[in-house]
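So, here's a batch of structures to check.
The same chain A turns up in both complexes below, where it pairs with chain B and then with chain C.
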Partner chain A sequence: MLVWSRTGRAGAWGVLALLFGVVYGVPLVMIALASIAGQWNGALPSHLSLGHYAEALDGDSAAQLRVSIVTGAVASAVAMFLGSWAALALRNLRPAPRRLFDMVFFLPSAVPSVSVGLGLLVAFSRQPLLLNGTTLIVIIAHFVLISAFTYGNVSAGLSRLPPEFELVAASLGARPGYRLRRVTLPLLTPYLIAAFSLSFAMSMGEVGATIMVYPPGWVTLPVGIFALTDRGEVFAGAALTMLLAITTLIVLLGLSRIPTKAVTRQG
Partner chain B sequence: MASDLALDSARSVARSAREPGSGICFEDVTVAYKGTVVLERFSLTVAPGEIMAIIGPSGSGKTTALRAVAGFVRPVSGRIQIGERDVTDLPPYERDLGMVVQNYALFPHMRVDENVAFGLRARKEADTTVYGRVQECLRMVGMLNYARRYPRELSGGQQQRVAIARALAIRPRVLLLDEPLSALDAQIRRSMLDELARLHRELPALTVLYVTHDQTEALTLADRIAIMRDGRLVATGRSHALYRLPTNRFAAEFLGRANLLTVRREATSGAGSASDGVFARVRFGDVSLLARSAEGVSAGDECLLCIRPHDIGLQRPPAPVNALVGTVQSVVWQGDLHNVTLDLGADLGADLRGDLAGDRGDSILRLVSLPLREPPQPGDRLEVFFAPEDAVLIPAEAAHA
Partner chain C sequence: MHSPAPKAASATLARPVDLTTLWIAPPLLVLGGLFFYPLVLILGQSLGSDGSALSLRFYAQVLATPLFQGALLHTIVIAVASSVGCLTLGFVMALVLSFVPFPGARGIARLIDTFIALPTFLVALAFTFIYGSAGLLNMSLMATFHLPLPPIDFLYSPWGVILAEITVYTPFVMRPLLASFSLIEPAQIEVASSLGAGPWRIIRQIILPAAIPALLAGGSLCLLLTVNEFGIVLFIGAKGVITLPLLVYDKAIQEFDYTTACVIAMVNIALSLSLYSLYRLVVARFGGRNAGLV
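The block that comes next holds the complex of A and B.
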């Protein structure tokens, strides 16, 4: 931002802070307040308590949180594996077919996730692909929705990787597999972590497709929250939302602390 | 860093290098990127143990030639041999050569010793072998104390040493260097040049193909030089010979920025000292000059006279000599020398001035001399001298090569 005077800069920052405060901050504060509210009739809630959290932590909600984490982790891991594989396999393609593949990958993000869920439901409700009512179909739905982002992230990383590293590795006698394991993948680590983090966060918040396909035994937390608020239990829903957000945040923080030595040298 | 230890380790590398060394041979190699030919029927032989420099302007195909040897690009036609082996159809990882690229490309996620060990690990060498060889190569380039650092913690010159150690660790018979010094500042460049020369003295069997656009590097280091232009080889020869007796205009200008004067060979052959036919008398405007003759220049032909700026003197020597008179255009002092440019145009015959207007060759003569106590001033008329041995003729048809 090319604003030089001190007051000008302060003003610019002020506007920016206000904008972000309103867009991100206010809803979050509202949910946080609601999660500890007993009643909310005036401008601010009353009868504050942590009761909703206590309820959340035993019973169904704890199980739903576990389901969400497992779904997110499995779907993200598979997406990271297959997305990287696709990115590596497709990188030497000519631009035209490549764009086609890019589009195929990103298509699921361009349609409502409910439609993705519906599509899967219709596709897998018949023999021989009868997955309707299984845990697997939930994970597949999440995978379809997030794989574009792993693919996109890894592709971006690959295109930014100077070709010399792999060429030099080859000239030193490294066969393709060895080169991939010792050079390409380690250099891509930051992108892989970013891809996994983004996928996991998206999976943790996914509700549209899940609601179409989930079996009774595999209810994710967002679906649980949706059901609660649908029944009017807004405060309990808010408490679960906070729980979901905090869990996701902890996982993301953990991921961001994985050391990546693949920092390109300066200069 | 030229310690006894370094020498010992170098000798053990040299001893174990499969003797004798192997050369490189390009046979009519053509390389095209997406249909655009960037290397055209390139033929060059590098003898075992020789340092061959490839020089040429940017985009002339030097890197492409190197990449073809390394196997990074596949020629559309032609063969490439390393030693007795035709490697044209081999993948890079089966070619057994060392390569140092322009920006070194040290693996940023590996420490220095892991970088150097990479090629050996890829070959599944035993741990003890790897350890010994890494120590040996790091010692040879004086980087043993930096073994546990990451590349980003090294200076450019140090990274370059590690890149060389990494390439040498697999004991290649052929080392490819692509502008290895271009990222370094002038002073380090000079000392690295000495290092490379020392390294080659210690590994005499190692064949080196050295790409650069810096003629000083090429002249200092190389046994032979190949000059490239627009994807083609335009001249090749032993460094000294190519500098003293360039065979065409491009070689003369690119290697050492020679002065080129358009002259006409006189019909009457050999006068004065030109008894053995080595010398020829030529006419530059109204001035008669004596120069080394060249094949393909017959009496009456128009040709170029090539004379190096440092071979032109301001004092008349006693022996037979050529003299030219011109007007001083500029005098630039560079500390250890004076650069003088002279305009010969005013003193030319009218007919030749007409010729010059059409040709690219101009009437400007550049000369360098040791610092002058009383340098000439712009506008002064100045007489300069050069020996016939220092002037060489270049045939006119080659002039347009």
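The block that comes next holds the complex of A and C.
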């Protein structure tokens, strides 16, 4: 559309291919290659093996992957529940307090993750609540960091819902609880899934707050990967990073396949 | 006895308290306990609340150290350079994907978008295999030119962090850009083109003005995210490249100096909150929900 000449188009595509290749293609290929590198003394690995993956699956790393998945799932579920609650409850408020609380719920996304972790460490290493060294403090850190994003997704979804459905349900005599369960939440499902997916992905890659608060018994995979690469075991680190990315993408793919009533009704 | 007065009084008393508004209390209390309460304690500790009178003396001490000043400077330089890089790269790539389309252009756009779901340190780790001292580039150059030492060490300078952050955060700019480009009427470009406007002129006079809200929103979001970025800086682990989040981690976890960590964290939080206000201002001004941002 913009460029009509054949050479001009080829030039534009060439620039795109070069940029995309250098910025995204080469890093992806190289980390994938490193994860299956048997020996790497020259520019490229001399032979390939799946050894790093095999080690990953039966060592500490398998436990760390499980820790990451559990942390991500629990933190995301809690964030989705409370985020939806907050977004739904805000609809009852007048515009001025609604705007204020909207900003309050978004605020955790603005604070650096390391500072969130530091805050939890300072707050829960003393009375009245001692959580330092527990699994719970890691899950709390993840929940705080992702809560703004789940809230944002759900409230964006709510603002896009056609209001007629709820009005019709109300006029037919549906009580608030029944309306929420049978009308609003089913319509919101796509946004709830999107919120859960985004927060799960964020939690799986989280380093900053986790590294501040994690106890020895609850090491997430990113923290484990950092410990490995810091010791110079970069190939094992690459294999685990690939494993983390693939697991995340599989979960996201699975979530995107969940059929939702809202979609089937429209389509 | 049937006087209407008490009824009216109770009605006026009841009216201001709408019970449905109380539903907001539970999530607010959770966030208060888990987010705001810790923040207040960071502030308290940075002011010396542990046993002595509150004062700014720790700020005076920490802010005067070259270590802190270097970290602040690095944080700002890296954030600004990365955001400018994200905007440039995102604009060029979104431009070609939208206006010089080819089969598979949507696939490329989606692939770039999936980078949002990947851990940020993946790119930092990948970079060590490309630009590191034993990486693809250095080993190839050493083999080709028979060099004794790796010639390229930009990965361990701020530039390495900047390039990694550009890779990670460009998708956050491309989302709103692609959304705003899809709103431009193709006929507008075709008419301009048939009237003799060249591609550069069309970009300057039609596409760029339409993209400004998306660029501003994406750019301020990038600034916020890059100021707060920790994983990339940690994984590249260059000795000379220390940012505020990394310094907070170093002080608290490596040196157990919580008071200094709290002072630096407060400065970092203040910087982040001002960038966040800028972002919200831009989004409110230009309608970010339409620009594809949450």
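The rule we apply is simple: the second predicted complex is superposed on the first by the 234 of 267 C-alpha atoms of A that agree within 3 Å, B and C clash if a C-alpha of one lies under 4 Å from a C-alpha of the other, contacts with A are read in each partner's own complex, and residues count from 1 in each chain.
Everything that follows uses one rule, which is that a contact is a pair of C-beta atoms (placed from the backbone, for glycine too) under 8 Å apart; a residue touches a chain by one contact, two chains touch by 3 or more.
Bear in mind the structure is a predicted one, so any value in this text is a computation, not a measurement.
Chemist: Once the two structures are overlaid on chain A, check if chain B and chain C clash or fit side by side.
Modeler: On the superposed model, which is not a single observed complex, chain B and chain C fit side by side.
Chemist: More residues of chain A are touched by which chain, chain B or chain C?
Modeler: C
Chemist: Per the contact definition in the header, classify A:Glu164: touching chain B only (first), chain C only (second), both, or neither.
Modeler: first
Chemist: According to the stated criteria, A:Leu187 is in contact with first (chain B), second (chain C), both, or neither; which is it?
Modeler: It touches chain B, and chain C stays clear.
Chemist: With the two complexes superposed on chain A, say which partner A:Gly173 touches: chain B (first), chain C (second), both, or neither.
Modeler: Only chain B; A:Gly173 stays clear of chain C.
Chemist: Using only C-alpha centres after the superposition, what angle do chain B and chain C make about chain A, to the nearest 10 degrees?
Modeler: Spelled out: centre of chain A as vertex, angle of 90 degrees.
Chemist: On the A-aligned overlay, A:Asp58 touches which partner chain: chain B = first, chain C = second, or both, or neither?
Modeler: It touches nothing on chain B or chain C.
Chemist: On the A-aligned overlay, A:Ala245 touches which partner chain: chain B = first, chain C = second, or both, or neither?
Modeler: In the superposed model, A:Ala245 contacts chain C only, not chain B.
Chemist: Just to confirm the value: shortest Cα separation between chain B and chain C in the superposed three-chain model, in whole Å.
Modeler: It is 13 Å, taken between the nearest C-alpha atoms.
Chemist: Which chain A residues lie in the overlap of the chain B contact set and the chain C contact set?
Modeler: Shared contact residues on chain A (touching chain B in one complex, chain C in the other): none at all.
Chemist: Contact residues on chain C for chain A in the complex?
Modeler: Residue positions touching the partner: 18, 20-21, 23-24, 26-28, 30-31, 34-35, 37-39, 41-42, 45, 89, 92-93, 95-97, 99-102, 108, 111-112, 114-123, 125-130, 134, 136, 139-140, 143, 166-167, 170, 186, 189-190, 193, 199, 202-203, 207, 224, 227-228, 230-231, 234-235, 237, 244-246, 248-249, 252-253, 258, 261-262, 265, 268-269, 272-273, 275-276, 280, 289, 294.
Chemist: Contact residues on chain A for chain C in the complex?
Modeler: For chain A paired with chain C, touching residues are 1-4, 8-9, 12-13, 15-16, 19-20, 23-24, 26-28, 30-31, 33-34, 40, 42-44, 82-83, 85-86, 88-90, 92-93, 101, 103-116, 118-124, 140, 143-144, 147, 149, 152-153, 156, 159, 197-198, 201, 204-205, 207-208, 211-212, 222, 225-226, 229-230, 234, 237-238, 241, 244-245, 248-249, 252.
Chemist: Contact residues on chain B for chain A in the complex?
Modeler: The contact residues of chain B facing chain A are 70-72, 91-99, 101, 103, 105-110, 118-119, 121-123, 150-152, 154, 156, 159, 166-167, 170.
Chemist: Using the touch definition from the top, list the residues of chain A that touch chain B in their complex.
Modeler: 162, 164-165, 167-175, 178-179, 182-183, 186-187, 189, 260-267
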